[in-house]
Structure formats: structure tokens, C-alpha cells
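What follows is chain A paired twice: with chain B in the first complex and chain C in the second.
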Partner chain A sequence: MSQVRRTPRNRTLRSRLTVALVLGALTVAVAAVALAQGKNALIGKLEGPEVVTDAAKIPKAFKEAPQLAELVKAGKLPPVAERIGQDPLVIKPLKEIGKYGGTWRAGFTGPADFWNGFRCCSGPDHLMFWDYTGDKVMPNLARGLEMQDGGKTWLLQLRRGMKWSDGKPFTADDFVFWFEDVYRNKDLVPTPSATLAINGKQGVIEKADTYTVRYRFPEAYYMFPDVLAGSTDLAGQMFGYRAMGGFAPAHYMKQFHPKYAGQAEVDKKAKDEKFDSWVRLFLAKNDWARNPDLPVLSAWKTVTPINTPTWTLERNPYSVFVDTAGNQLPYIDKVVLTLAENLEVINLRAIAGEYDYASRHMDLGKLPVFIENQVKGNYKVYLDPGDYGGDMIIKFNLNYDADPEIARWFNTADFRRALSLGVDRDQINETFWLGTGTPGSVVPVDSNKYNPGPQYRKLWSTLDVKKANEMLDKLGLGKKDAQGYRLRADGKGRLRIEIMTLGGQFVQYTQIAEMIREQWKKIGIDLQVQEVERSLALKRTEANEQQLGAWNNDGSEHLFTFPLHVFPFELAAVASSGPLYVKWFHSAGAQGKEPEPRMKELMEKWKKAFGVPEKERIQLGKDIWKIAAEEVYIIGVVGMGPASMGVRVVKNNMGNIPSRQYNSPDGKTPGISRPATFFWKN
Partner chain B sequence: MAVVVAVAPEQRVFVASQWQLMWWRFRKHKLAVASGVVVLGFYLVVLGADFLAYADPDVSEAQRSLMPPQRVYWFDGWQFGPYVHGFKGARDPQTFKRVYVADPSVKVPIRFFAEGFEYRFLGLIPTTRHLIGVDGGLDASQTIFLLGTDVQGRDLWSRLMYGTRISLTIGLLGVTASLVLGVVLGGLSGFYGGVTDTIIQRTIEILRSIPTIPLWMGLAAALPRDWSILQVYFAITIIISLLGWTELARVVRGRFLAMREEDFVVSARLVGCTELRTIFVHMVPSFMSHIIAATTLALPAMIISETSLSFLGLGLRPPAISWGVLLQQAQNVQTVAISPWLMLPALPVIVAVMAFNFLGDGLRDAADPYGR
Partner chain C sequence: MLAYIGRRVLLAIFTVWAISVLSFVIIQLPPGDYVTSYIAQMASSGSVVSEEEAQALRLQYGLGQPIYVQYAKWMRQVLVGNFGMSMEWRRPVTDVIGERLWLTIAVSVAALLLTWVLALPIGIYSAVRQYSAGDYLATFIGFIGLAVPNFLLALVILYLGFILFNAHIGGLFSPEFQDAAWSGARAWDLLKHLPIPALILGLAGTAQQIRIMRANLLDELRKPYVVTARSKGLSEVRVILRYPVRVALNPFASTIGYTLPYIVSGSIIVSLVLGLPTVGPLLLKALIAQDMFLAGTIVLMLGVMTVIGTLVSDILLVWVDPRIRLEET
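Moving on, here comes the complex of A and B:
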């Protein structure tokens, strides 16, 4: 500073400087405290509605929306009690009994954004579902699930008198139809689902009686309730577009199935509607978001399909959901999702107060603007941090083989650890999460039942440039070029590593990767950032052409129902830890490449967990996270932040809104807060 | 006396060379001269971008994310000594904005020819001197941000300098490429006529009938995504020059056609000039004015093309820095609402384009000294 040059003023300057420093330190301290409080102001207490299972508390008389009452009066609909059936699905609203009426406006980004509607408006229509903590499995569309035969057989009890949205009964026949004619049809489902199998052995679905479905497995399948509750292949009609779901409306879908309608007839129908095969037609007809005629069980049903500029959903008159006072849910008549060409537009509309409830696509970087416009837009901003460890993660492709030198380093644990130590997570958190995230490894939040312990958050996941450099030097990467970058051990120039990122996502992967590129300069690693679009990314991971891939691990807090960001589980991923390991895993060793011992151990533990009681499973889950954190197959950057769908903008006069909700694809958030209980206060 | 004064300039006109005439005429166009100076200035920035920048354009620092431009105090007391105040930054817990408070007790003097990051001046001489900077160079605890910083805390002024370098050289290279293409193809077309003419003219028509932005977008989207920044840079140059040549070729061809039968061309041929000599010594100089005008007027179009392509996310991509890239990073709600200074890179685009247009205007008038 200037005191060196201006000697006469030295003393005053120094004292001024001291004052400034003290003041500065004070400001920072005050700001830190304030920041902690500020975080609390937007992040509330986790809360949500509950499913009532106590028979004594189930309402006996039912009420319905006025327009439905009129239809009943006009003789166009059966009375409400008949429509709901004997066993309603009773939900205790979070705060109060609501009022009927109104429209819920939100936005979506096009036909690929189908999760948007599943999350808000499907009910959720899972057979079992999580309570609001996302931790405990509760009955949902099914009344109960009973384990028999040491976990080999499961009896699912349906609700008596429950109906599809066209008034036809929902029974065990819908499960048998799906299993026999959809799931087992090789044209519709070429590869069977892992969710209906234990240790690679497929189970069967049978009808026990009209309202009881029996699942039989060759081995104990203790995880089955979680599988029904999670966003898996058995998770209800949302996956109907790819012939999964666990059940389907037999009475309606049979007209598109060759077994019932005849091959000639379905081929003709497909041709008439310009589909290239009956399979395409069948899948399109079974699509919750695209076919307004499809009978559904969800609280709202599609009336204008997703491939139009306004995706509209209206109340299902046969909805089985009721509140504790016997009002048939949903309260809100209609959900209108308007097409927004890009994320900027969807955010602008939310800021302008044109949406009533929006969390999907809301950009954390715009949080100050959201807050600034709260009063003008008559909305309130909430933050829902996720429970998963990585809003951004970086996967090493352990199977990369185009360059043996790179492959060798990726398969060296200390190399991966050193790179992780070279990431300055605090900088990234402050810049891109506005300080709302938690820097650390990939492990989920401390309160998660599979969390191995608080020390694993920091393991190999703090900034330590010195140690990282020492580790890299020790590995034999000590030689550097004139610019300070490390040279390859095989003498072919600089060690250059590529990272693949996707643009236009909830998290700004490209920009963050650029920041990491700067940070890795300090450990002599030359990172090349390549932004690609999604389909190219998928193609390249599958072709084993990816080196590093950036993504998030949302859903990984439900380790067993959402494992694809924990270890190589799915081929179709934008970032992969090893496509050959995926093949090895799913073919039971017949294809692909055998993983290294610790990865193999991790995979085996995961598999084993499905067939053991919960207590044992929790231990296995902890072991899996321990291995993941120790081996750093995936670098965790910043997590447990609200970056992915956790910035929630809700109108002030909408009721039953939780101050914080469990944010996860498995919870179909906001589905876990039961949007059917949201209502307009005035 | 009066006679001498009246006659002398006229005689000067008669004996002056064509270039002299052009220069005299150009000087009269005040706006063009001023624009010429501005353009010159821009190209000085191109040459000395790293000298004019005082911070590494890629170095990011979260603690100074989205800093507004600093106020520069020019006088320290009565003495000339520009300085800026130090600052304290923290995130406001209520609004989640980063708030920076100037600390008047800390003065950060701006030094000329200060030490900074290392670079090669003109790509040759390794040095650490920069036009401005602070004491202590890279290790200084406080530094300056004349135009503020972006989200990642990178200095906007320095990024703008580097962006200018890339955006303006792309324009220059693009124009050179289209100039060569235009004169050669247009010349061939006009001089030989017949089938050559037909093929070239129809190609031009097809190219010109396609709307430019979608065509550029298509071509730019076809660039392999795994190309390095340098490859993309050259590919973009070629893409935008691919259309630029057509207009020039048309003009050149028309001139050739008109002039082919002119007396001076015919006589040149009759005295035995080769085709090449006829073209370059006798014909080209007579429509030089058009070539110069077309070239200078094409430059701003090229700059705008690069900027709009990058703005649409199809041209250059980060970590490359160009005006378009800088603007692309500013095209979001939060920039308009909380960090409007990030839109500053639009200013040099406007100034450069206008300067080139005026300069081109002046040059066109000047290059045709017998015109009007």
C-alpha cells in the first residue's frame, strides 16, 4: 500500500489502516451472523400434509366442488360418495381446510418438460408414497402393503370402490393386464425393469381378489415398499409413456392392444393416427401428459395435452383424495401451464407475478431479483435446499480408454483425490449459490439415514492446494511445462483433461467448470471445458468418449431407489462414471468390464440391500457412502442448496404452502406437499 | 498575388497523383477523419489489449462478484494522482445481493506503467508492465475495477480489451477473405462472361436469397462442438465472410462488363498489354473507390455478425472473450435488474460500427475524386 512511499504520513496511515481492518473484521463478523439469519428467513421448518390411516378419523360424508355438484344434480355424474368409494385416501392438509375454486398458473418449457406436470399435478399417483420428510413409506393409492413369506411375497390392498377418471372401477385386473400384456410384451418392453426383480430374478404380479394384488419374487425383496414409493418404473402412470407404471387402465388400453383388438385393427388405428407402429400408438395413448382421453387416477387430469402451447389440467371428478373434513380434493379447479420458450422467459414471468406457484426452472442466480419484486408480484420466496450432497458433481469416467495415460490417472485414487482437493468450493458456493449451498463431498445431508458421519462431508473435499500438489508430484506428475502445467508421464506433452458440461440447466455447469479450470491451474492441471447439448452428451457417454462429466446427484439421498449418480447404473446419463461398468452390472458380469475391487464392493452392497431388513440396509447404505467419499469416484462440489428447483415463488394468498419442503425427484416435489390441498384464500 | 493563389491549387490538382487527390478530398470530410481516428484507436486496442488490460481476464474471485464500476478520483488534494477507494463486500442477508461499500479511509492509487500479470507484448516481448495498475502488482490486497466485475468477479475492463481484440480481428479477417473472393470471382465473372459468369452469378443469387441469420446459425451449429476456441474462431470468420463476398463480386463484375469495351481498355489491349496487366493496371484502379467503400462498409457488418452469432450462443463460446460473448453473458434478467454495467460492451459495438460506416462514407467520396 501507499504507506511505504509516503513516510511522513506513515503513522496516521497505519493507525487508520488498523481501524479499517478492525472495522472490516467487525463488518464481516456481523455480516456472517446476519447471513446465517437471512438463510433462515427464507428456509423454513420442514413441514407438510399427512396421510390419515387411522380408520376412526376417516370422514364418512363427502363434499365436492360446486361445478361437480351441479353435474350430479343434472344427472351427468354419480353422487360424490359413489365416485370416491368406501376407502378414500384421506390427507390432513398442512394448515387448514381449504376452499374450492380458482386456477393455478405456471409455466413449462415444452414436451420434454413432462416431469413438470407429474410433479405438480399427478397427486402423486404412486401406490405407496413418502411422508413429507421423504423418509417413511406410507399408503397412497393402495390402502396397504403386507409382507408375507419373509419378504418374498407382497400383498397390495387396493381401495374398494375406487374409480378411474372415466368412472370405471380400479381393480387388480388393471395390474394383471399391465403385467401380462404390457410388461411382458416384448414389443412394448424390450428389456424388463430391475425394479420388478430381485438379484436379477424377475417377479410376477397376480390377482388375489378384486381388490388385492399379489407380487411374488424368487427371493426376499425387503426394499419393495420403497420401490413402490420412489419415482421408479412401478411409480404409477407417469411412466406410462414407456409402458411402465405397474398398472394401466385395462378397459381403455385393450382397444389399442393386438391381443384384444386384433393385429389388423391396431395396425389400422396406428396408420389412421399416423404412427409408424401399433407400439407407438399404444405408448402415446398410455401417456398421462399427451392423451386427454386416458383414464387416470391422479388428482388433476390432462385436458389439453403437453404438445400444445398451454398444457391444461382439470380436476378429476373421481379423485380418491379427500381432506379430513370429507372434501374431495383437489381444491383448485384447474392448472394451466403456459409454454415459455426459454428459461429466461419463464423466470421473467415468475418475477412479474404471472405464476401462482413456481419452483421448477427458477434460477437461483436471480434470487435477489425475485426478492426485490416480492411485493410488486404479490408473492413470497421460499428456499427448499435438497438433501443430496451435490447440486454439482464431477464424475470421472473410470472406463475411459481412448487415451491410456488419462485412463491410468482416472483409475488412480490419489489422482482423483488431489483434483478434488484443488477445488475451491467456497468461491463457487458464494458465486453461484449466493452462499446458500454447502460445500463438500457427494454424501447426503447429515440427517439422512444413510449418511456415514459428518467427517465424510469434508473428506478429500476441502481446498488444499499444497497437499494436492504434493500428491500429484508423488504420483510421478512432477514435471511441468513453461506455463506451470503438469506434463504427461508418457512424454506426450501437457496433461490435458476435458470436462463435458450442459448449458441451460438449473445449475450453470459450464460457468462453474470454467471457474474450476482457473482453480486447477494452481495444481498444474489443464482443464478444457466443453459445453455440449444434451443428446450429444448422452451419445458420448454411451460411446465411452467422456472424460469428466458435470451434473448433479439429485435423488441420491434415496440411495437405493435413485442410484444412478452414486455408481454407474444407467447408460443413458449425461455424465458417467463408467459405461462399461453399467453393462457389467446389469448383465451380471457377462458384458462390459469388471470394476475395480472397491467399486465392485460398493455395487455388491447396493444389490444386497434389497434383500435384507431395514436395519441391515441402513448399515449397507452407510458403507456405500463411505466408499464413495473415500475413493472420490465422483467429486462433490457444492450441494444441499436450493439450486435445483429449490427457489420457490408462491402467491401470498395461496393456502397450505409449507415453509420448507423435501426437495427431490423421488418426492416429486412439490408432489410431496400434496398440491391437491393448495387453495386460494380469496 | 490573387492570381497565384487562385491558380496554384488548380495546378496542384492537375499534377497530383490519384492517392494525393483522395487524401485531399478525404480531409475535407471532418466526420470521416474523426471516425478514422476512432478506428485507429480501436486497432491500437487490438494490438495492445494485454497492455491496456490490468487484470487477467480469466481470474475470478467470489469476494468481488458483481462489483459496480468504481468511481475514480483524479486529484489527491491539489495534486494530480488518480485513486479509487477501497471497498468492503458482503452479501446482504435480506436481499441476497452482494453489497459493496466504499471505504474512504483506504485510497488505492492508480499507477501508470504498473506491474501486473505476465504477457507477451505484440506476441513477442515478454513483460509485466501494463498501462495502469496498482502498487504491488499481483499481490496487491486492493485493486481497481474501472468498469466493475461480472458474476465470477472477473474485471470487465480487462475482458472488454480482450473482447475488442477478438471481435475486431474477426471482422478484419472476414473482410479480407471476402475481398479476395469477391474481386477474384467477380473479376472472372465479368471478364470472361459466358458459362463462368452464369455459374458464378447463379451461385451468388442462391446465397443471397437465403436469409443471413438462419444461414449463419445453420453453419455455426454445424461446427463440431469439440473444436478448440481457435478452430471455432477461424470457422466463424469463414462463415461470416462466406456471404460478404457476394455483393462485392457483383459490383466488380458490373464494372468489368461496363469497362470491357471502354476506349482506354481497348487501346490497352491493342498496344499489346497482357490480360493481367489490363486488369490490374488499367481496370482495377478505375473502380478502386468502389472496392474501398465496399470493404469499409462490410467491416461493421462483419462485426455485427460475429456479435449477433455469439450473442445467440452460436458463435464464439466461453472461455473465448468477444463482444458477443460478453453480451451473451449479460442477456438475463438479473443483469438488467441488478448489474446493468455488464451491458457496457454494447457501447463499443455501437461506436465501432458507426465509426466504420462514417469512415467508409468518407473514403468512398474521396476515392472518386472526379465524382459529384
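Moving on, here comes the complex of A and C:
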């Protein structure tokens, strides 16, 4: 029993500490060398492949991988032109036309790491998708999207002759099946998705003809192209495991649906495969990462599923992706993701050169070690800073009510601003980001279309201890105790604030919070750092027990498809600006608590943006960020750094690798760089 | 003897039942459930789970029901050999554990054999040659083995292996054999990967066993029967191996109760650090993800093995040491 009684959590913590110590020693030894090489050498120019839409440049003849040619010769596969169809999705590779063959090795951490495969290998299989800058929506699996009726109706044009990976045609019927029988089935989808609604009113999906899908909404839905491009419920098969996606392979999935196969039959199938119900069976069968039999549209398809020690993906012979010379993509035959029991092992393997391309789970803190082993491991290190303003942010819970004094200060803008002025961001950037981040507020990168202007990066976000102290004094927090900490205005001792952090993340929130605790001593604020386990963190934010919460705001550069770190939008968050505001927002005022005027203004602008043309929307976006920066509901610490999946380790002989890429969940990075065009030079 | 064993078996069944209840309750104790930890995991990878979706998931997994209902449901399945579906792996629990079980046993048996092969002779040597240079050396190494946490040792060995020999980092197979079907070449590949984990896992145990063997044997060596045996003219080897060593073996027999579950769960942390595909890391992950059926099944399995192990070691003790009598019978 001695094994059972051990508390695993402490043990991992201890092992992590040890790993940190060992690697820390290494880091010190080589940090000087690494930093001498400079961050500029590691951060290149943003670049990437492009989708070709000019009909004149679309290749007329196609070529295929040798092993597929063999199959065609043997009569086991139709010719390549037939498999691709009349309207290929043409990608202009970043640098050159590649050649076929080889395997791409990387790691994954288990069945919960399914984003890993979607990001690398799905194509991406969104209907629309971003260009490499992450700003502009381009056609993708769909050939085009046409707005009608002032934004109330959208016509989606599919590619003629395009096929699922089993050779069956991909048509409007797959959309209708999904909408009528999956999305509208209450067992599969208990509550409808917000992405298929405008102003809370649901839209419908119809078949216009075999290759045209019609979306109809009760009100204008100008944001619709962005929704199809982003990582949303309508983004394609990645969300099939929860009955979302916007379409599904009708010819295959019908056999697991009671309407077509009969209730008794699906119940029996579920029982045979040991599922509790047909719903779980259906979802498992519709899972891109888990079911090798599922027909897919992605560049590679799963052949050994994610819940085994090796997640393997192989080229989809019916892939609609081609390069400008007419070569069917992908170039690389196979992607092999091996299970690593923990993040340290993944990092060590990358350092040892055992992965060909890896960015997920790479730890910025180990950057010097990555650089030191570049030659030995035959790889090169690239940094992909994010476009979002905060690799670390601190959210004030504006709804905190357990302590009226704290609640009062959190709802005082000058208090929040003063605390933000008390953070020495440069020190944090040098220590934890090795100088690769950008200190500042929560607003996204200057080039982002919603960025309100360069002055907002610095607004209330520079170190100014003197001003912070003056502001706090003026608020009535002038009295201090013998240790120099400010006293509460209600006379109940020292003003003590808690921050909740999570361990084991891409960013060392706890350690950074400890540094801020030291920095805030200078403005007389006593900060208590509490690292909690993540489930507990969720419970406590939901129960409104959090005071300050540390997290990042990744995805917030796509303000409208990823709003949860801009204002309180999701109840289930590890850091929340106000759980009662979330309820208020989603119940249209029926529940929760009405936000203060400026927050309300921010929320209304966000809502309004979905129904207005792009130009107006951009202005609304800028206004939203202005409010966020002025009110400091969230303190931005350091951002636009490579902390979250931005450290990239790539073999020297892999081709078409961008020197810098747009890094975001919405861009499915590296999906935005079209890994189907990566290839082995020798 | 039979009545004794019968009584122990009955007691063992009750113990196993108690363990199953306890393990189920303990797994439920932390705040939240599988869905909460799933949401948190999604948040860490930049994705979001809506409140509605969370509710739907809870409904599908039956997590909203009272704990005794969930337990009863699980037990009904367990009794017919179905341990349920792992929530995280979305596969039957038996499948998930099954493939790792044999590898775990291979690693642990190798570690165990190594422990005994090293500990017994060294223990005997350092008792017989007490305070000799060799004894001091064994003691020194033994204390280091005891004092250094084995996961730290694992890290150091991994690092050295990488720096000096450019060895494959972690795991039990080379990449090309990871998924290959069993064959001679794959078994050989496994054998090549075994020594390091076995050494690391075995070292702490070895140190401990050396100390125990040495202390016990020292006690025995001073007893009059050893003097008698010597005075009868028996050879030194025979004197020592035949009598005092046999008596000093008792602790080896009595620790089998703990050894059996150890074989399955191994050392969780070492497996994690070395990236071994064994049951240990699986249990840890299942506990963190609050994957109740998977964690419950592993804990239950460990419980059963402990109970069986204890039973075996009780019987072994009686057999090894005739001085232990079954006084109740």
C-alpha cells in the first residue's frame, strides 16, 4: 500500500522543482551565450504560404505521391485528378515546390492533447481560413462565401468533385445532415451554439444545390466569415467529438444515428463497444483524432488513434490541397506523435533532436538549452511571439463580495491603475521572458486591426512608484503599519490582497506573482500568492471566491471570436473579471449583476459588432480596447512573447519553414503555415 | 493450516471490498469532477467549454448522481468483469491498463531481481566482514542509494546518457519499435532499454535490503548455534549460508506483501521522469483528471495485490522459518 498512500501531486511538484533546479543550473551556465546571440536573430520576418484564388493560376494537371501512384496503377485508387475534383485548393508554398516522402516526428501528452494534431495536421480543414497574417479571411475548403440580403443570408460555395477521404463526395447534404440530425438533436446537442446565432436568434442551414450551402439568419451577421475561419463550433471536424463542426460525413455517420439505423440497432452497437449510450458512441465515431474510420477532409488523417501510445497520421489520398505545380499535398507521408508522460520528457526529446518540428509544449525557460544544442540536434530555434497583449495578465474580480473593503477597491478605477503602475514589467520580462516579450497593457500588437493606437500600450502600464503611491494616498489609503503596508480604510488592519495562480503552465505564473509581490511592497500593498490546483481554481472562480487571478489573454487579438479575456464572458475560467457579469451578459440582464457603466458600454459594443459591416466593426474593436486600457479591469504584465507555443524547434533540412509565423489558437499555429507544404530536402 | 488460509482469504475479500469503497470515496474527495478538470485542461490549451456543454457532459457520464449510486453502478459492472469506460482515454479501462500492465511487470520484475541479486550477497559479505574496507564501501554506497531520491538519480542518468552516449530519451522502446508487433527484435529492443530503469528503481531498494540483511545477519552471527556449528567443524560457507542466512531472510519474505503492488505501480515518479509507459503515470494522470473508473480500477487492483501479497508472505514465512508457529490453529 505504500505506493497508494503517496500523494502524487506533491511528488510531481517536487520532481518539477528538481527538474527546474537541474535545468536552472544549465540555464545560468549558457544564458549569457544565448542572449549574446540576441533575440533579433531568433525572431524573423512574418511570412507564410498563400491560397491562390486567381483562376488563371490554378494548375490543370496533377501529380501525386509515388505510393499513391502505385495504388492507382494497381487499380485500387481512382486517378489523382478524379480524387481532387475540378476545384483544387491551391496553396503557393512559402519558398519552393517540395518533394514527396518522409516522416515528421513529434510528441504529444495524451488524449487531452488533441489540439496538437488539429494544429499540425488537419490542413487546416476550416471552411474559410486566415491568410498568414491572421487578419484576412480567405477561402479554404469552401471555394467562396457570398453575402446576400444585407448580411442575413450567406451562400457557401463548395468545391466541385471534392471527396471525403473514403472517396465519397463532399456536398451540401453533409451540412444538412449535420444541421437537421446532429445539431438539432437534443441528445447530441442539448443547447445550441452561439456561433450559429446573431443577437441570440438562431440561424438555419439549407441546401441550395449540390455544391452550394445557404445559411439564413434573422438579422444581419457580418461577422460570419470570421466565424467560419476561426476555431469556432463551425470550424470543421475538429469539434466533431462534441457534435459540432458545421458538417459531418452523412454517408458514414448515419449508421450510428437512431433516425437512420433505428434505435434498437444503435443501442446494440453502443453496448457492443461498451459505451453507456448511443450518444457517446456517436460522438466517439465522429471524433477526428479517435476514429481512424471516420471520413475526413484534412491533409493527413488519423491511422492509429490518440488514445494509444502513438498517434499516427497518414496522407489523405483524397486531399483537395495542391501546390502551384499541381502536386497533391501533403508532401510528407506520415506524422508520428509519440506519447510523452510529461512535459520535461517532451522538452528533453526536442533538445536531443528527436523531434523534427515541435513548438507545442516547448518551454521558453529552456531557450538557452535549446540554442546550445542546435548543432548537435541538427535543428534551428525560431521564436513566434504572439499577437496578444498578455502572456501574463492579472484580472481583478469586480464581483468579489466576501470582503466589502476589497470589493470597493477593486471597483475603483484609480486603485486598479495604481496597482498596474506598481509593476516593474522590465524586470519580469528580463527574468522570465529572457527579454523576448513586450511589457505593456492588455491591448494586442500594434499591427492588429483592432489596436487603438500605440499610446495605449503604455497607458497605466509603466513603472511609476511615485505616482502609484500618490494615487493610493489620495484614495484614502494613506495610513501604513510599521512594516510600511497600507491599512484598510475600515480600520480592520492591513490591506491584504490575494492572487490565485496555477502551476505547471506555459508561463510561470506563481513565480512571476511572487516577483510582483516584492514589487508591490514599494507601493505598500501586501499581496498573497496562492498557487492552486486547476479544478479548485475553476470552482473558486465560479463561486466568486477569487480576488485576483493570473492567466494569459491568448486569442484576444481576435477580439470578437475570442472575447473571454477581454471582458467576463465565460463562467468556467481559471481567472475571472466577474462571474456575476457573465451571467448578466448571457441572460440578457435576467440574472447576475448589472455591470458598471463603462464595462456595460464595452459589452454592448462587442455585441453590436457582429451585425455591422467590417469598417464599423473595426472602430468598435478599437473602442473596446480603449476602454479596457483606460479602465484597467485587467493588468497587462508582459505580452507578445513566445511563451505560449512560440518556441519552435525545426530540423535544418525541413523545407518551407517560415522564419516567423502568426501564433494563435485561431490560426491553429502551425496550421497557418500550412504544414502540408513542409517537406524533407534530403 | 487450511483453516488458517481459509480465514485469511475471507478476511481478504472483505478488505478488498473496503478498499474499493474507500478508493471510490477518496477519488471523489477533491473539488470538482472529471468535467471540471476537462474544462481546466481545455483552458490551458486555449479552448473553451461552455456551461451548457459541461452540463451535457456531466449528464452523459452520470456525474450528477449521488456518489453511492455511481458506486453501485460501477460495482455492478465490475462484478461481471467490465471496469467501465475511461473518461479521459475514452476506451474501456481494461484496454487502457492492459497494454501497460505487461511492460510494468517487466520493468518491476527486472528491478526486483536486480535488488535481490545485488543485495543478498553484498549484505552477507558486509555482515561477515564487518568493518572491513568492503563493508565500508558497501555501506557508503548503500547510504547514498537510500538518501538520493531515485527520481533525481533518474534525471541525472538521463542527462548523462544524453550528453555522453546520445541515448534515446526516456521510454522503453526505440521509436521504430514503439508500435511494432511483438517480435524478437522488439523484445531485444525492450531488453536494451530495461537496465537503466531497473537500476534506478532497484537502487534504493537494494540499499535498504543490504542494510537489513547486514543487521539481521550480524544479530544471528553472534548466537551460540553459530559457534556450535563452527566448533563441529563445518566449513565457514556452509555455517553461514545454511543457518544464520536462512533466519536473516525473514524480512525478504515478509516484504513480499508490499512487493506485489510495487510491481504494478512501480515508482510513479521515476516512471514519469523516465517517460516509461507503465501503470504508474497512468494512475497519476487519472487522479489529476479525476477519471474515476480508471483511477478506481488501478487502486482496486493495487489493493487486491497487496492483500494477496500479504497472504503469500504470511504463508512463506511459516515455510521459511519453522520457529513461526500457527498458534491459533
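We adopt the following convention: the second predicted complex is superposed on the first by the 645 of 682 C-alpha atoms of A that agree within 3 Å, B and C clash if a C-alpha of one lies under 4 Å from a C-alpha of the other, contacts with A are read in each partner's own complex, and residues count from 1 in each chain.
Note that in this section a contact is a pair of C-beta atoms (placed from the backbone, for glycine too) under 8 Å apart; a residue touches a chain by one contact, two chains touch by 3 or more.
Keep in mind it's a predicted model, so treat the numbers as computed, not measured.
When the shared chain is aligned, no partner comes close enough to touch A:K57: not chain B, not chain C.
When both complexes are overlaid on chain A, the residue A:E344 reaches chain B and chain C alike. Of the two partner chains, neither chain B nor chain C is touched by A:K271.
In the superposition on chain A, A:R105 makes contact with chain C only, not with chain B. Judged by the touch definition given at the top, the superposed model places A:P368 against chain B, while chain C stays out of reach.
Of the two partner chains, chain C is the only one that A:E570 touches; chain B does not reach it.
With both structures placed on the common chain, the touch criterion links A:K466 to neither chain B nor chain C.
In the superposed model, C is the one of chain B and chain C that contacts more residues of chain A. Once chain A of one complex is fitted onto chain A of the other, the partner contacts of A:K259 are absent, as it touches neither chain B nor chain C.
Of the two partner chains placed by superposition, chain B and chain C are both touched by A:L536. When the two complexes are laid over each other on chain A, chain A has residues 1-2, 4, 19, 344, 348, 351, 533, 536 in contact with both chain B and chain C. Of all the residues in chain A, the ones that touch chain C in their complex are 1-4, 6, 8-9, 11-12, 14-15, 18-19, 22, 105, 110-113, 115, 189-191, 194, 231, 242, 274-277, 279-280, 284, 287, 290, 304, 307-310, 312, 336, 338-342, 344-345, 348-349, 351-352, 354, 505-506, 533-539, 554-555, 564, 570-574, 644, 665. On the chain B side of its complex with chain A, the touching residues are 58-63, 65, 86, 88, 90-97, 103, 105-107, 109, 135-136, 141-142, 151-153, 225-226, 313, 317-319, 331-334, 337-338.
Interface residues of chain A facing chain B in the complex, by the touch rule stated above, are 1-2, 4-5, 16-17, 19-20, 24, 27-28, 31, 34-39, 41, 344, 347-348, 351, 363, 365-369, 371-372, 426-432, 434-435, 503, 510-511, 514-515, 517-518, 529-533, 536.
Within the complex formed with chain A, the chain C residues making contact are 30-32, 36-41, 43-56, 59-62, 82, 85, 88-92, 96, 99, 149, 151-152, 155-156, 158-159, 162, 166, 168-171, 175, 178-179, 258, 261-262, 265, 267-269, 271-277, 281, 283-285, 287-290, 299, 302-303, 306.
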